[in-house]
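Here you go, one structure.
Order as written gives the chain letters A, B, C and D; numbering starts at 1 within each chain.
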Amino acid sequence: MSTQYSSSEMMTIAASRLLQNGQVCFVGIGQPSAAANLARLTSTPDIVLIYESGTIGTKPDVLPLSIGDGELSETADLVVSVPEMFRYWLQGGHVDIGFLGAAQIDRFANINTTVIGDYNNPKVRLPGAGGAPEISTNCKEILIILKQSSRAFVEQLSFITSPGFMEGGDSREEAGLTNKGPVAVITDLGVLEPDPVSKELVMTHLHEGITVDQARENTGWDLKFADHLQTTALPTDEELKVLRDLNERTAKAHAGAE
Amino acid sequence: MAKITTLKAAVSELIDNGDSVALEGFTHLIPYAAGHEIIRQKKQDLTIIRMTPDVIYDQLIGMGCVRKMIFSWGGNPGVGSLYRFRDAVEKGWPQPLEIEEHSHADMANAYEAGAANLPFATLRAYIGCDLPKYNRTIKQIECPFTGEKLAAVPAIRPDVTVIHAQQADRKGNVLLWGIVGVQKQAVLAAKKVIVTVEEVVDKLEPHANQTVIPGWVIDAVCEIPGGAFPSYAQGYSTRNNAFYQQWDVIARDRETFSLWMERHVLDTENFAQFKDSIGVRSVA
Amino acid sequence: MAKITTLKAAVSELIDNGDSVALEGFTHLIPYAAGHEIIRQKKQDLTIIRMTPDVIYDQLIGMGCVRKMIFSWGGNPGVGSLYRFRDAVEKGWPQPLEIEEHSHADMANAYEAGAANLPFATLRAYIGCDLPKYNRTIKQIECPFTGEKLAAVPAIRPDVTVIHAQQADRKGNVLLWGIVGVQKQAVLAAKKVIVTVEEVVDKLEPHANQTVIPGWVIDAVCEIPGGAFPSYAQGYSTRNNAFYQQWDVIARDRETFSLWMERHVLDTENFAQFKDSIGVRSVA
Amino acid sequence: MSTQYSSSEMMTIAASRLLQNGQVCFVGIGQPSAAANLARLTSTPDIVLIYESGTIGTKPDVLPLSIGDGELSETADLVVSVPEMFRYWLQGGHVDIGFLGAAQIDRFANINTTVIGDYNNPKVRLPGAGGAPEISTNCKEILIILKQSSRAFVEQLSFITSPGFMEGGDSREEAGLTNKGPVAVITDLGVLEPDPVSKELVMTHLHEGITVDQARENTGWDLKFADHLQTTALPTDEELKVLRDLNERTAKAHAGAE
């Protein structure tokens, strides 16, 4: 347990622990994919991973760089068309957990991956929505993973790409959404969870060695902390070994041209 | 009815300036060779359509072929930004780019409606999302049975759809497999269809229920081995992830981009020459 | 999550009196064995749903299991009438049968909408057809973009869908191929799902993009070799067209039918015994 | 040419001649299937046959008894799901000719396959619509084949399952149908075609040896005849040979249990 680890490793490991065996998980590329595959290789071998490229029940040996790497289709239980993916599987209600990344987030777990600045005259044009808006509204629950910084955790989003709890309170239900919405936001500093009533994100866990001040400084709003703020359990040797092996295999696979 | 022809002839005859063109593919089977041919032929004023515009759309935009882009996620998959796309949207270079932006679920449904010859698609979408504020093509519809309000989006019907596939037979029947994306829907929704393939074979040997697109809904089939590079064709090649990472450097700067495109695309005759010029062995 | 179990247990636990049940299949892969088990267990008051109700639905109706049938073509394929269905509709024997009648295009779209968790489907249908005069579930909807009027029909969401397939693995993942009909949609549209298969194998070996239904959307998988007889399972058996012709004689007369059903279905324990009793060798 | 042939053979052969090479034809089971396959095996080898079971480009060696015989999927260019068949291929507008049978027909080529007598208290309950209503409205043109008799060619249908020219004249177009509708009705007595203006079916061909009186007696309305009423060309030796070989192979294949 005395092993050194990076904050990025801690984030991935903390996120992987929130998945449960037997769940069907719709996985975003990047951090969500790393955490979901770590979970599959450690605590939740029977988790079903779905990528929006149409690959269902994938078991990649290396992390995909893109959402459509051959590794995903070759290790899938089934590969369906993209319309079928969004219509029958996501909208059909078969997904337990949607696992998203984001460029920016606000206190009600709304996320922005579209634009910074004015939509019609943007400061930074981001890639856009992709599958996120309907993942966030059609999965039973949502996990969000992103690094915590005052540029990412903002008071006011330029654009809401995918709703979290909208304006908080009951506003999500009032908009017609019957699913649970975001249940946790996992960062390199800790874990935030929505307050049961106000739906504002509250920091419930800090990773080992992270202070309340650090979390506050890296958040663009007046961050609240749980009464019983907990410390995330340290990475186990197994978690670190499996994650590092996975990252090593991945780096090797993507290093050169074919 | 499909004609087996050269890519040069197909692009010249079937794509007009001002057309709406969908070069579809979901990371796998991206029709790069066809995109380059459009650039070589200096097509103008295009509306380009794709769920996941990536490097080849960055090139089309940066080379001034495009007036408008209809899309749902515009990035370099697994790497980051498309700098030519961003430069066009943020700074209007080389010309302003009109965008019409959707979510994946919307576009997948909209192509599906196009293939089904319906004027619109209905879906559970966009609740709490800001896109409908900026994209006036997204409307609401009420279920005539339950009274529920759902999103309604217009069908996509491209003038021309271009896809890359693994095989065609000599009648132009096309077989593709692996991540098949929205290609079948994009083909059936289009007025005209160009398919580039890894190889033309005497006889397709599809397994039961695999994705075959019959030649009688295709206009031109062109044999371009490796025509999806740096994307891939399952069973023929693997994705060249290193190139996508290199693109991040090439595309960041206007001049670097322009010189690269001139040297490797405009100054080459075809996709095999392009690949030679960037030092990638053409795999036949 | 799929449980591999006996057909007796699956029908007993998952189908209740009064349920809406779709035993789907388009001539190929009809779940006959499951239909017989429903008859043996004397389920009552069912609403049976199928695009192409055939001999097994004739049997369910004639044996008094059915209150209502939702369908689009009710005949003995390639032979003619279903006499038990006709007797129920024309003479109310053994009890009156309520019918809700559609076209194939309608039901195919309605299942599709059910699988997509939409409350309704939109289609180009029923112009000049009298069905909407008698089936009040068929409505019109206006395209919010073009103003066109199209047909709207409610989604089909059966309480239980039952299908027959070629193979399952030990986790209950199911593989089917050949004429796959509307089975995938009917499965995904249902609240509960029973699948009978020709065989349970250690590992499915699907070719790329074949029709696999994962075990986590299925409740029960039952191994019943030849369970589609007199229909067939491509790769395992061929359609017994002679039996369909014989059914024309058996079903024409109430008494002949009742005696036949009693002897071959009620007095047998399972599908293998049924086939023995009518002199068809069970092919394992 | 002196060979004997049956009226049923003549009907099938006459119908087969109306198909053209390269056409995409949506084929009903029974008589349409026999005629379409005869055409494929004689004059139109490149015709594309589609059956509503999802089989596209089928080349059956024996006639299918059912719409879903294994022979159809095993010889198809592609096999698609039934929703895809009706949505992408039929409604998608890719079919040139829809080839239908019928239980009853009226003078405007409307057909009934649903019920004889009152719908809610029927004298004879027929199988129903199947694919016919949307075949008739979504294919570019329609061919209809059925035996001519006063019970089948009726003054007034109990039920219109699939529209022909509705009340005649422009009523089909006024209902919003932009396709051509029925172009010919082929019977065991001859061929009927719609009048260009009134759209009433007019007998344009009689098969060899069939009289005007026979046609009139077997029609439930006051049948009109073309000014230049023609005689159908006799079956050729090749047509008869191919048809008989096909029927013989078919009878053999469907004779016994497996």
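Keep in mind that, in the parts below, contacts are C-beta pairs under 8 Å (C-beta built on N, C-alpha and C of every residue); 3 or more make two chains touch, one makes a residue touch a chain.
Owing to the predicted nature of the structure, the values given are computational and were not obtained by experimental measurement.
The minimum number of touch steps linking subunit A to subunit C comes to 1. Inter-chain spacing, taken between the CA centroids of subunit A and subunit B, is 28 Å.
Taking the mean of the C-alpha atoms as each chain's centre, subunit A and subunit D sit 58 Å apart.
With each centre defined as the average position of its C-alpha atoms, the distance from subunit B to subunit D rounds to 41 Å.
Looking at subunit C, one finds that residues 117-118, 123-124, 178, 180, 184-185, 208-211, 234 touch two or more other chains. Residues of subunit A found to touch two or more other chains are 73, 79, 87, 91. Arrangement of the chains shown, judged by which pairs touch: an irregular graph that fits none of the line, ring, star or complete shapes. Pairwise, the chains that make contact are A-B, A-C, B-C, B-D, C-D. The residues of subunit C lying in touch with subunit B in their complex are 117-120, 122-124, 137, 139-141, 143-146, 148, 150, 152, 154, 177-178, 180, 207-211, 234. Interface of subunit D with subunit C (complex): residues 29-30, 52-55, 64-70, 72-74, 79, 81-83, 85-87, 90-91, 110, 114, 119-120, 122-134, 136-138, 159-163, 166, 172, 175-177, 254-258.
The touching residues of subunit B, counted against subunit A in their complex, run 26-28, 51-52, 71-75, 77-79, 81-82, 85-86, 89-90, 101-105, 108-109, 111-112, 123-131, 134, 149, 178-182, 184-185, 232, 234, 237-244, 280.
Residue ranges of subunit C in contact with subunit A, taken from their complex: 1, 115-118, 173, 184-185, 188, 206, 208-214, 216-217. Of all residues in subunit D, those touching subunit B in their complex are 22, 24, 48, 56-57, 73, 77-80, 87-88, 91-94.
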